[in-house]
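Got a structure for you, questions after.
Every chain is named by a letter (A, B, C and D) in the order it is written, and numbering of its residues begins at 1.
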Amino acid sequence: MLVVMSHAATASEIAGVVDTIRDMGYEAREIPGKQRTAIGLIGNDGKVDSGRLEALPGVLQVIHVTQPYKQVSREWRPEPTVIALPNGTRIGGADTVLMAGPCSVESEAQILTAAHAVRAAGATVLRGGAFKPRTSPYAFQGLGLDGLKLLAEARAETGLAIVTEAMESAMVDLVAEYADIIQIGARNMQNYPLLRRAGQTGKPVLIKRGMAATIKELLLSAEYVLAEGNDQVILCERGVRGFDENTRNILDIAAVPVIHSLSHLPIIVDPSHGTGVRNKVLPMALAAVAAGADGLMIEVHPDPDHALSDGAQSLWPDQFRDLADQVRHVAAAVGRSIAALPPQPLP
Amino acid sequence: MLVVMSHAATASEIAGVVDTIRDMGYEAREIPGKQRTAIGLIGNDGKVDSGRLEALPGVLQVIHVTQPYKQVSREWRPEPTVIALPNGTRIGGADTVLMAGPCSVESEAQILTAAHAVRAAGATVLRGGAFKPRTSPYAFQGLGLDGLKLLAEARAETGLAIVTEAMESAMVDLVAEYADIIQIGARNMQNYPLLRRAGQTGKPVLIKRGMAATIKELLLSAEYVLAEGNDQVILCERGVRGFDENTRNILDIAAVPVIHSLSHLPIIVDPSHGTGVRNKVLPMALAAVAAGADGLMIEVHPDPDHALSDGAQSLWPDQFRDLADQVRHVAAAVGRSIAALPPQPLP
Amino acid sequence: MLVVMSHAATASEIAGVVDTIRDMGYEAREIPGKQRTAIGLIGNDGKVDSGRLEALPGVLQVIHVTQPYKQVSREWRPEPTVIALPNGTRIGGADTVLMAGPCSVESEAQILTAAHAVRAAGATVLRGGAFKPRTSPYAFQGLGLDGLKLLAEARAETGLAIVTEAMESAMVDLVAEYADIIQIGARNMQNYPLLRRAGQTGKPVLIKRGMAATIKELLLSAEYVLAEGNDQVILCERGVRGFDENTRNILDIAAVPVIHSLSHLPIIVDPSHGTGVRNKVLPMALAAVAAGADGLMIEVHPDPDHALSDGAQSLWPDQFRDLADQVRHVAAAVGRSIAALPPQPLP
Amino acid sequence: MLVVMSHAATASEIAGVVDTIRDMGYEAREIPGKQRTAIGLIGNDGKVDSGRLEALPGVLQVIHVTQPYKQVSREWRPEPTVIALPNGTRIGGADTVLMAGPCSVESEAQILTAAHAVRAAGATVLRGGAFKPRTSPYAFQGLGLDGLKLLAEARAETGLAIVTEAMESAMVDLVAEYADIIQIGARNMQNYPLLRRAGQTGKPVLIKRGMAATIKELLLSAEYVLAEGNDQVILCERGVRGFDENTRNILDIAAVPVIHSLSHLPIIVDPSHGTGVRNKVLPMALAAVAAGADGLMIEVHPDPDHALSDGAQSLWPDQFRDLADQVRHVAAAVGRSIAALPPQPLP
């Protein structure tokens, strides 16, 4: 951490900063410059609250040199984290993983049809919401426990792993009982009790980037899970708030290589929420894989016209099959393959 | 709701949209145009899921005419909602209300000193976090229950009302036992279980606008509380994610008149989080009051240099006294007064 | 255009809107709704100034149904525009085009070395700034006319076509004399005299998307060129202002499929400015091609460590060769090829 | 400038950075840390191109300590710049200045009516566009030279000073002949030939902040004018691109105190463009003055319903009179007065 003193700072103001740094238990080193003096704080363990320094007289600016996260950082663990699911899918390794399914679980017929369709096309993980965070209190809020049971039934029938969302810490144990991956939604990215509780289960946790979260904030949310001793974390880029009306969000594909530089955790991309428009899902899925995404999360519904949520961005099953085929080609072009389950035996 | 068909839409595609609208239980009306046909959906009760229509063949765009919220809307309740606190403070009426105090409750001495100081300067509500959502898992997380008890002690000593944050639904009852206003933080603006639970207490709920939340989304979050039968909601603008490094956020003062147009709920402003810089708090507090804010929420710490959180944006007590004086002048200039408690008897 | 009247609008306010629409020379059609009346404006030719209607009493909202642009729209010209350069490169057709070269022309040796290197790797267009818009008045501003002459020399030696920027209308003729494509920089996207003048040359014009321009605004800027009778326009996505510090901008790859839906004009991507970080250029170049970009614009410098501008985002020549190879694979995976010049004869 | 080396940087990489800094003519100073080494560049004169350093092997990050602007900085000229117009108006001093008038000059009757109305209400500067940058090529583009002559006529009749926009450098001399203040529009904030040429006239230059410009970029644009030896620069906050549909832009009122901290130049606010909605202009005008703005720029039209541009955000003359009255009260509350011309003699 570097404390830059203003041009007009007095010697006693400089001494005040040095004393405060020492009082906080760190070493201080003066760096005189042509126009201003700066003071280095040495020994920063990530717990320094810079507010105390920013507020001292004569201070122009406090510059953070050390990153505030630790365990998620690639600087401290160079090899990538690979998450192995019970059905053999590995996330973060050589394969790119397809997660697909409807926005919400709506009925047994719907989820089983969707599950068989996405499995046939090449997905290995089934997504589907049992508890749904909806912007309006009057919109469909999910089937709850019944939805979880239907997901488990779909897993039993197809061999797909299950990813589904927990919306609050009190719900985590229930979700963990049914899910292979506990999803933390974008709106809850900074719900810290939820992150801690999910971390304590030891199960894989998928964290979606918040609407306007920086990558640093996303990594700090992951740090909450790792701080509970659980390194099974998957990050997910799903678009940030933008200003153009043609897409629901702006999908920040560069987050993929940025996170691969900063962290050892796998990063997947959700082009369905990232664009909000069905015919933009395919090109953005291909873009994500070309940029090195470790997986995709795609909304697929057997009958999008009658979906209870997110119909406009859900693919028809045959569109998903096309997507999976094209993704396979692009993955091959960048030296990746697509994770696969063994062909399903005829019933 | 208006469904605009593309230029090349066929008669059967138009008929498909009309049929779907009727199938959903609404009336459909065709509006032929020079270049495109549009179809009006009449009778929208706010529960229409436009996704189903957007996904139909031939549809270019679905335009929302009806607002998705209801009970928070000024169109349906023209007179302003005024929230009366036990200590006589009224929020949303003629007075502008000063809420002030430290970011976190740190100790008995700190919170009592802060409470006496802000009360002497003219605040009627004491803010202070007992449970703190912190971006880093390694930062100070608050005193918890002990913090709530210290707030209650400060209330008993000073007569100030208490606003403090609940971070998850499981915590709401505990917070409601001590607080006069339950605060929902910006990171939890779309934590729907938390909003519902806070609504069920019947206590006043203060909802901070999320980092990149539209005003519509903020109003829909308030709608969650009203949907539980609780109309005691205070909205709070605290800055949205911006791109300029000189302030932590960009404080969207225009949200004040916008919300006054759209809703009957009171709207206050938090210039401390909105700017993140101590010497910008005063001018932005004055700006907020000039724009019609129903209150201010200001961070004040007896010794900001040693604050455990947000020191750089906290005012010294004498700075807050100056702020209260200047706010009083600006409020008068726009025809408002500042809420006050009776002078405190000497001990 | 749809004028939505407020809930409480009177019959005479409704009549006022109808009269105004007729007074403006259009047809008006009332659409009564359950909660509000709307009035359709029929016959909109793209010249309606909605401000006049928004300002009438009783009006809640004016909704634009017709797009404000015309000649750039795919709705009115379904087949893609293909731009043929003198050296045989075709932009907007089956091929993806590589444009590459240094940020600024710095010297004869530098530009010739760069030109030979990018041509050898597979580029067909050489980029290089002779006139440079720099944020600081004290930064290197380009070689001017000498730079243009060096670009022409590089073309003569290599057969590459030249794209270079004109910064104001007075400069356009000079630039047009040397360039095969006149570039309009992001900062000048709404410099309308410049756009008109560039349009009048009849030469291909490359328009970079402004820092925070919507896609509609970008298309309207292109409309300025087409309105001069020049349809040789290439659009370029180069990142919009974001809030994350890890990249200079946020590269909006979804602009590629969005523009392909809305317009017949080709759209290329500049991942060098879009990320500002050398090791993010490759993954984002691959992403752009996977999403369907008609070309890439890449900064390459023979010696980035000594570049006079944008060194940190410029590739070394061998990095560009790798990029071209990988782009070729991804292009093939999505059914595109890379434009090529005939092999250069030995000197 | 501080060059932070990565954790794993080798001694020879560190030496490489030191050598490069010296090669660039500056002093280098190593600052060993617990986790990483940093290297200070001492003697930065604002001309260092950090790209060259960022690109060196082993470099993690380059941190800018020195601001890239000089002459506009308050650090180097502590006393505020006050701009005196020929009619006695002083911008940047104790007074807050009202600039008002229509978006475009449309006719003699319109501009004279507007001028008399705003003068009567208390404005001292008349705004009005003769050359109009319009997003669509098909919208009204202004009266050109005839518009300038009408503005001069309005000045002769009323004593108001004139501010009007120049859209390109070739237009500057003509505009300077008629205007008291040359306006640079938001779309041209980084049109450097235009800024230089405006600087060379020696006339006051008003620079509007670009749609997504940082304050540093705005100050650097002003630096272009000062670099021509002209310190008569007025900055104008007019809203930045936001994501909420209720206002056209998000008016960044905090830019007022931020610019007052960083620069000696006056800063005014344009709430008409900043909100785009007539009934939000008043509260935001009051907010701006409360925050310390040195002036306001307000759109006023004698008949907004028939305005050729920006009708929806233009005030009626009597609304402007109310605004001026209320502004006067708020200005007084913060210790400012409103600039005034002597009462106009009866004709």
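Throughout what follows, a residue touches a chain if its C-beta (ideal position, glycine included) is under 8 Å from a C-beta of that chain, and two chains touch if they have at least 3 such contacts.
Only a predicted model underlies this, so the values are computations on that prediction, with no experimental measurement involved.
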Exercise. Which contact partners do chain C and chain D have in common?
Worked result: A, B
Seminar exercise, completed: Contact tally winner between A-D and B-D is B-D
Exercise. Whole-Å distance, chain B centre to chain D centre, using C-alpha means?
Worked result: 31
Exercise. Using mean CA coordinates as chain centres, what's the chain A-chain D distance in Å?
Worked result: 39
For this session: Give the residues of chain B that touch two or more other chains, as numbers and ranges in rising order.
Result: 212, 240-243
Problem set entry | Contact footprint of chain C on chain D as seen in their complex | 20, 46-47, 49-52, 54-56, 68-69, 133-140, 167-171, 187-188, 190-194, 196, 210-213, 217, 220, 223-224, 227, 240-241, 278, 304-314
Exercise. Can you list the residues on chain D that touch chain B in the complex?
Worked result: 212, 214-216, 240, 242-247, 250-258, 261-262, 274-275, 279-280, 283-284, 286-292, 326, 329-330, 332-334
Exercise. Within the complex, which stretch of chain A touches chain D?
Worked result: 2, 4, 6-8, 29, 31-36, 38, 40, 42-44, 61, 63, 65-66, 75, 241-243
